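The following pair of complexes shares a single chain, subunit A, combined with subunit B in the former and subunit C in the latter.
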Partner chain A sequence: MFLASGFAVTYFASALRQAIWGIATLGDAPSRLVEVDGKSVNIPGDHSINLMIQSLIVLFLLALYIILCIQAARDAYSTGKRRNAGLSPSTFRQTLTYLHDFKFAQLLLVLPAAGILFLTILPIVFMILLAFTNYSSPHHIPPGNLVDWTGFETFVQLFRLSSWSGTFLGVLGWTVLWAVVATATTFASGLAVALVLSQKEVRLKGIWRTLIIIPYAIPQMISLLAMKMMFNGKFGPINQYLSHFGLGELPWLTDPFWAKLTVIIVNMWVGMPLSFLLVSSVLSTIPPDLYEAAKVEGAGRWQQARIITLPFIMFAIAPIIIIQLAGNFNNFNVIYLLTNGGPSNPEYQFAGHTDLLITWLYKLTLNNNIYNIASAIGIILFIIIAAFSIWNYRQTRSFKDEEMTQ
Partner chain B sequence: MKKKTSIGSLSKVSLVVAALSLTMVTACSNNANEPAGNHASGASKFDLTFDKLETDLVPEPGASLLVWESKEARPFVEAIMKEFTDVYGVEVRMQELGTMDQIGKFELDGPAGLAADVITTSQDHLGKAASAGLILPNDEFEAATRSEHEEVAVTAASYNNKLYGYPIKVMTYAMFYNKDLISKPPATMEEVIEFSQTFNDPDSNKYGFMFDVPFFYFSYPFIGSTGGYIFGKDGTDPADIGLNNEGAIKGMELFASLRDKVLPISAGDIASDIKTTLFSEGSVAMNVTGSWFIDTFRQAGINFGVAPIPAVGGQDSVTLSQVNSWYVSAYSKYPNAAKLFARFASNKSAQLLNYELTGAVPTHKEAAQNAVIQADEITSAFYKQFSSSHSAPSIPEIGSVWVPMDAAMVEIWDGKDVKEVLDRAVKQIRDAISLNAKSPKPDSTKASF
Partner chain C sequence: MIARKSVKFRVMASYLFLAAVVCWSLYPAAWVVLSSFKPGKSLYSETFIPKSLTLAHYVELFQSKSLMFTTWYLNTLEVAVLSMLLSTLLVTITAYALSRFRFPWRKASLTLILVLGMFPGFMSMVAVYILLMQLGLLDTHAALVIVYSFGSIIFNLFVAKGFFDTLPKGIEEAARIDGAGNFRVFTSIMLPLSKPMLVFVALTTFTGAWVDFIFASLVLRSKEKWTVAVGLYDMVNSYQNAYFTLFAAGAVFIAIPITLLFMYLQRFFVSGLTAGANKG
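What follows is the complex of A and B.
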């Protein structure tokens, strides 16, 4: 115990100074090329981004250590109290037994908690911090350059520069509309198909179910690329059949309005099977005697659906719909593979008419290396989704009364 | 009846296209036309010699190298690796990585010590790599590289007047034409318009002339030929953007008129793979694309030739060109061995071998003047187009150009006012550059040189 704490103190004595310097300054000498006898040699310097991550790790370890120290002090205090009261302090073996018998769950959770702390929370903190730096191409890319803290300047740029704020609001508006409509259409279609297939009169249910699940079984990327071909305005089969039957060709992917409609239709095709599966599984759990009782009372089919089926489904599915809504906010695949944000919108900065915040963010980071703005957008996106999800989850009945599940 | 057949053939097109994209997705691995195992110098039609280089640089003891190159280059890289190991006794391994993706990966993996010792990329990524301090200059072989290679290639491998790269090959696009459909390649866009008006038949998907309209890179001849340019001072001055000058507007007006006269399809529907399919099955007479499609069209059995893109507005057409070069990592554990390899794999014999195995167009003057290459109709056509091209700028600001200009191409093609669209695109580029350049610390940029 003494050994461990001695080790920790010496470790933090040296590492903490380095960590605080690192995170405060983000380094002061970038790596550079120096000529030695006419030949360039790379002299490694401070890598701002690596420094930031290393400092964060040390600070997280320190936080854990402080928590440990406080716990140890409290334990020592209670042990002293026991001793004053004339009781003997528990032995090491007794402590272990206590841990095993009464704190087993906490003991098991230590490992996953450490994992979450260092593999989830730390990267999130890191990414949030990026928004307050000038980490962007071309002048602030390490290791040849340093990255500096710039405070809220990134956010100021995002909202003050009219071209950026216009893009942000435009893309945000479409993202919200998309998330709501995409979620509603997939759920409604899944619900409708599941209700129809649950009717007693439907034969060959197995075959119908298989057919409906097929789009879900094909890798999304492949079906989306195939869809992109099908909706091509000139060479795609859809327009060819339309013109074959004397109907005009439609600008599926090249007109802003139609492109938005196309992504929603395709998303419905891709997402419907999952909603169908979820609703079907809930339907099979509804006790049949409820319906019989309803029939005895003289309820019609519509009334049965409204009073029994829908509440059951909504109770079980509402949290999943919220998850899907949040997922659709960040539905990268459908947009990126189908339209890649197009058709282009000249009013926007690096975004097109169907770009969601997430695909815009992708373009900013991977095509243009504007990490700081991308990080700022990411933070705003996170706040929106988190706030909305929490508020909405609190509204659902499965959160308010848990009796129905018991 | 006619309609019906067109539907049949069209669904065939889409089927082929779908199949094409599927093969792309599943990443077919075997595209190498020749097994690269045998001793290349023995079987070659060139007189190739691979000896120790004239330098006192020696590889570090125990050195071994990792090289990044694209899939298409594998036959050449494997052959040259073998020669290098024979001469210097240094083991070399190759990892497949597209030249466009290397710098992005290198930015993170290089400083972490996980990346290759020698990487390949074109100059539009060079500025980013050099200013971030990721690569070493070509100092040991600077004089030799400067004197032996084409000047365009040397410029392309340099950033801020400092030579970094070891040029491998030049890349640009030209016009493939189907000899069975058009006997003589047209010399001007007016001839293209004339030919298309008799040849085009949209109902059966026959078009005279196709190019990748929505990509600025491929539409550049309609800006560069008539006096437009990306950045002034040979692509080094980001303050001087020539994408909305008089010449660019003139060229773009011709470009916009092609929509009605040559290619009546909206820009978003002109997909590269559909274009490739249509040319491969003989529905399109002229197809603007890069040399990397030669193999595809040969396999499709098309009787094709290659010619420079027809003159735009009475001026010789000017394309954008790139030069692929080797670059030595600043984080290599064996910089001497890496420099030796980069030099070894870019000298005259190596470039001839590369031409023979992958059809690469050399940057080495003597290699380019070799009688066999001069007699090769296709390669010399690409070379001719290359000699009338603008080198893609290497300054990092080029990264802010592609997206707004791609969007502008689509807008103009689909009928918006040329000047208005170009002015707005240039404003966006300026905004992006000024945003990126905000408060650059002068000392930190200076320190890297």
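What follows is the complex of A and C.
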């Protein structure tokens, strides 16, 4: 025990200095070519990004170590108290029993917490930090160059520099429009189909239901790639039918306006079955005597739908609609697989006409290596989604009701 | 009489409408399935139903040296099954601890996980990539299993916790009075009761691993390590329309297990989703 803590102290004493230096300066020597005996040799310098991650790991470990030390000190204190009171200190076996009986939850959470700490929290902290550096292609990519802290420069660039702010506002505008229209169309179509199927005169409900939800069961990746082929301007079957009926071919995926319409139509195909299922499950919970009462009062079918069905559905589904709205805001699959953001827009920085913020972020990260801007966009996306969610929780109050279900 | 006629008309119109919806829903799938049996390679087809049918593309899929479809299929199965097992274990113990016990930092941990779920996943991909590189885990299936499993905690925690919240406390207390310890209560009372939730978590992770092509293509560099989703996406990207019928055959083969699972278990999915929504 003493040995372990001694080792830890020496480890942190040396690693911490390195870590603080690393995260504060992000390295001070870029790799460079040096002439040695008439040959140029590459001297590796500091790799800013690896330094940053290593420093973060050390700082995270240190935080864990400090928590452990506090626990150990508390434990030693209580052991000392017990000894002073004339009791024998607890054995290792007793400690285990104590953990099992009184700290079972903490015991269960050790592994998940460690995993989340290093695989989720650390990466997110890292990416947030990147927004405050100049880590971007072509001038600040390690190991050839160093990366430096630049404060809020990235955000200033994104909002003020006209080439970036133009792209940002354009993409943001389309993202909002897309999220609203995509959510509204899937919900309206799902509602319509559910209402038609729920009429008591309609037979074979199970079979209709199964056939209607098939698109939901097919993996999106497959159906969207297939859709991309279907809407292919030259060889795809859609244009083939259109020209067969003498209507002329349409630039489904290559014209800005038609591409936007296509992604909305395809998203309706993908999303309608889920809305249909959700609305159907709510419809089955509406008490039938409400309709009986309405009939007695002389309400027609439309009035019944307007006064009973719609309010009931809206009340139950409103939180889910908000979640879907947030989901569509970040709907990566539909856009990426269908158009990949295209057709390209020459006025935009690395984005096309149908790019959402999330696909733009992806392109900036993996294709163009402009990490600082991508990270700033990620932070903005987070703020938008968080605002949505907080508002939603306020509305549903499910957090408060948690104890009531017990 | 007039009233009955209008009812008849309404029912007929409803059937027509439903038939149209079903055509719209089924057309893309039917088109891909039929294309996979179509002779030739191209996207272009003269008729909706091919004039002659062939199994050649399915044979080629499994015999072609350049495609390695069999290897990919086995890789995918390995990654998906292992992620499913590990993630179900992790999600269950996390949700159980956070639902049934009261301890300091509990509310804070819940809020933290809620907040973490709101960050776009791609944001952390670069950092996870560098971490995996430093651990020497790049180009391994273990990396995928670890990242998928721990990632699924954040996605599924609230569904699972919501489920545990609804289980009555009485059963648990009865078992405790009979002398069962924490571990026994968890394994012999709680786990058997939470089967529907376990199925939901297991299947979302299984399908997630089955169809992920973004993170998998970032981590898996060598072709013999690929999963089917990576292979299929590569096929579409590099050949476009040239091998369309082969793509169709591959798509059918990848989609079939997932589609069947979904259809079979659709009830769980809807209740899982609504539970998640109600509980936050």
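In the analysis below, the second predicted complex is superposed on the first by the 262 of 406 C-alpha atoms of A that agree within 3 Å, B and C clash if a C-alpha of one lies under 4 Å from a C-alpha of the other, contacts with A are read in each partner's own complex, and residues count from 1 in each chain.
Here is the rule we go by: contacts are C-beta pairs under 8 Å (C-beta built on N, C-alpha and C of every residue); 3 or more make two chains touch, one makes a residue touch a chain.
Bear in mind the structure is a predicted one, so any value in this text is a computation, not a measurement.
S.K.: Looking at A:Phe235 after the superposition, I want to know if it touches subunit B, subunit C, both of them or none. Which is it: first, second, both, neither?
M.R.: both
S.K.: Between subunit B (first) and subunit C (second), which, if any, makes contact with A:Gly327: first, second, both or neither?
M.R.: After superposing on A, A:Gly327 lies clear of both subunit B and subunit C.
S.K.: Output check: A:Gly170 vs subunit B and subunit C. Expected answer is one of first, second, both, neither. What do you get?
M.R.: Touch status of A:Gly170: no partner.
S.K.: So in the superposed three-chain picture, is A:Asn368 touching just subunit B, just subunit C, both, or none of them (first/second/both/neither)?
M.R.: first
S.K.: Go through the superposed model and pick first if A:Tyr216 touches only subunit B, second if only subunit C, both, or neither.
M.R.: Once the two structures are laid over each other on A, A:Tyr216 reaches subunit C alone.
S.K.: More residues of subunit A are touched by which chain, subunit B or subunit C?
M.R.: More residues of subunit A are touched by C.
S.K.: If you stack the two complexes on chain A, which partner ends up touching A:Asn50: first (subunit B), second (subunit C), both, or neither?
M.R.: both
S.K.: May I ask you to decide whether A:Pro256 touches subunit B, subunit C, both, or neither, giving the answer as first, second, both or neither?
M.R.: A:Pro256: touches no partner chain.
S.K.: Scan A:Val193 for contacts with subunit B and subunit C and give back first, second, both or neither.
M.R.: A:Val193: touches subunit C, not subunit B.
S.K.: Quick check on the superposed pair: does A:Ile358 touch subunit B, subunit C, both, or neither? Answer first, second, both or neither.
M.R.: A:Ile358 contacts subunit C only, not subunit B.
S.K.: Which subunit A residues lie in the overlap of the subunit B contact set and the subunit C contact set?
M.R.: Shared contact residues on subunit A (touching subunit B in one complex, subunit C in the other): 50, 221-222, 225-226, 229-230, 232, 235-237, 240, 366.
S.K.: Quick one: which bits of subunit A touch subunit C in the complex? Just the residue numbers, please.
M.R.: 49-50, 53-54, 100-101, 104-106, 108-109, 111-113, 115-116, 118-124, 126-127, 193, 196-197, 199, 201-202, 208, 210-223, 225-230, 232, 235-237, 240, 269, 272-274, 277-278, 281, 319-320, 323, 330, 332, 358, 361-362, 365-366, 371, 374-375, 378, 381-382, 385-386, 389, 393, 396, 398-399, 402, 405-406
S.K.: Quick one: which bits of subunit A touch subunit B in the complex? Just the residue numbers, please.
M.R.: Interface residues on subunit A, with respect to subunit B: 29-33, 38-40, 42, 44, 47, 50, 134, 136-146, 148, 150, 157, 161, 163, 221-222, 225-226, 229-230, 232-237, 240-241, 244, 251, 253-254, 342-346, 349-350, 352, 363, 366-370, 373.
S.K.: Quick one: which bits of subunit C touch subunit A in the complex? Just the residue numbers, please.
M.R.: Within the complex, subunit C contacts subunit A at residues 7, 10-11, 14-15, 17-18, 21-22, 24-26, 28-29, 31-32, 42-45, 48, 90, 93-94, 96-98, 100-101, 103, 109, 113-116, 118-120, 122-128, 130-131, 134, 146-147, 149-151, 153-154, 165-166, 169, 181-183, 207, 210-211, 213-214, 218, 229, 232-233, 236, 241, 244, 247-248, 251, 254-255, 258-259, 262-263, 266, 270, 273-274, 277-280.
S.K.: Per the contact definition, I'd like the list of subunit B residues that touch subunit A in the complex.
M.R.: Its residues touching subunit A are 3-4, 6-7, 10-11, 13-14, 17-18, 21-22, 25, 104, 107, 111, 127-128, 130-134, 136-137, 139-140, 202, 205, 265-271, 274, 330-331, 395-397, 399-400, 402-404, 406-408, 410-411, 414, 416, 421, 424-425, 428, 431-432, 435-441, 444-445, 447-449.
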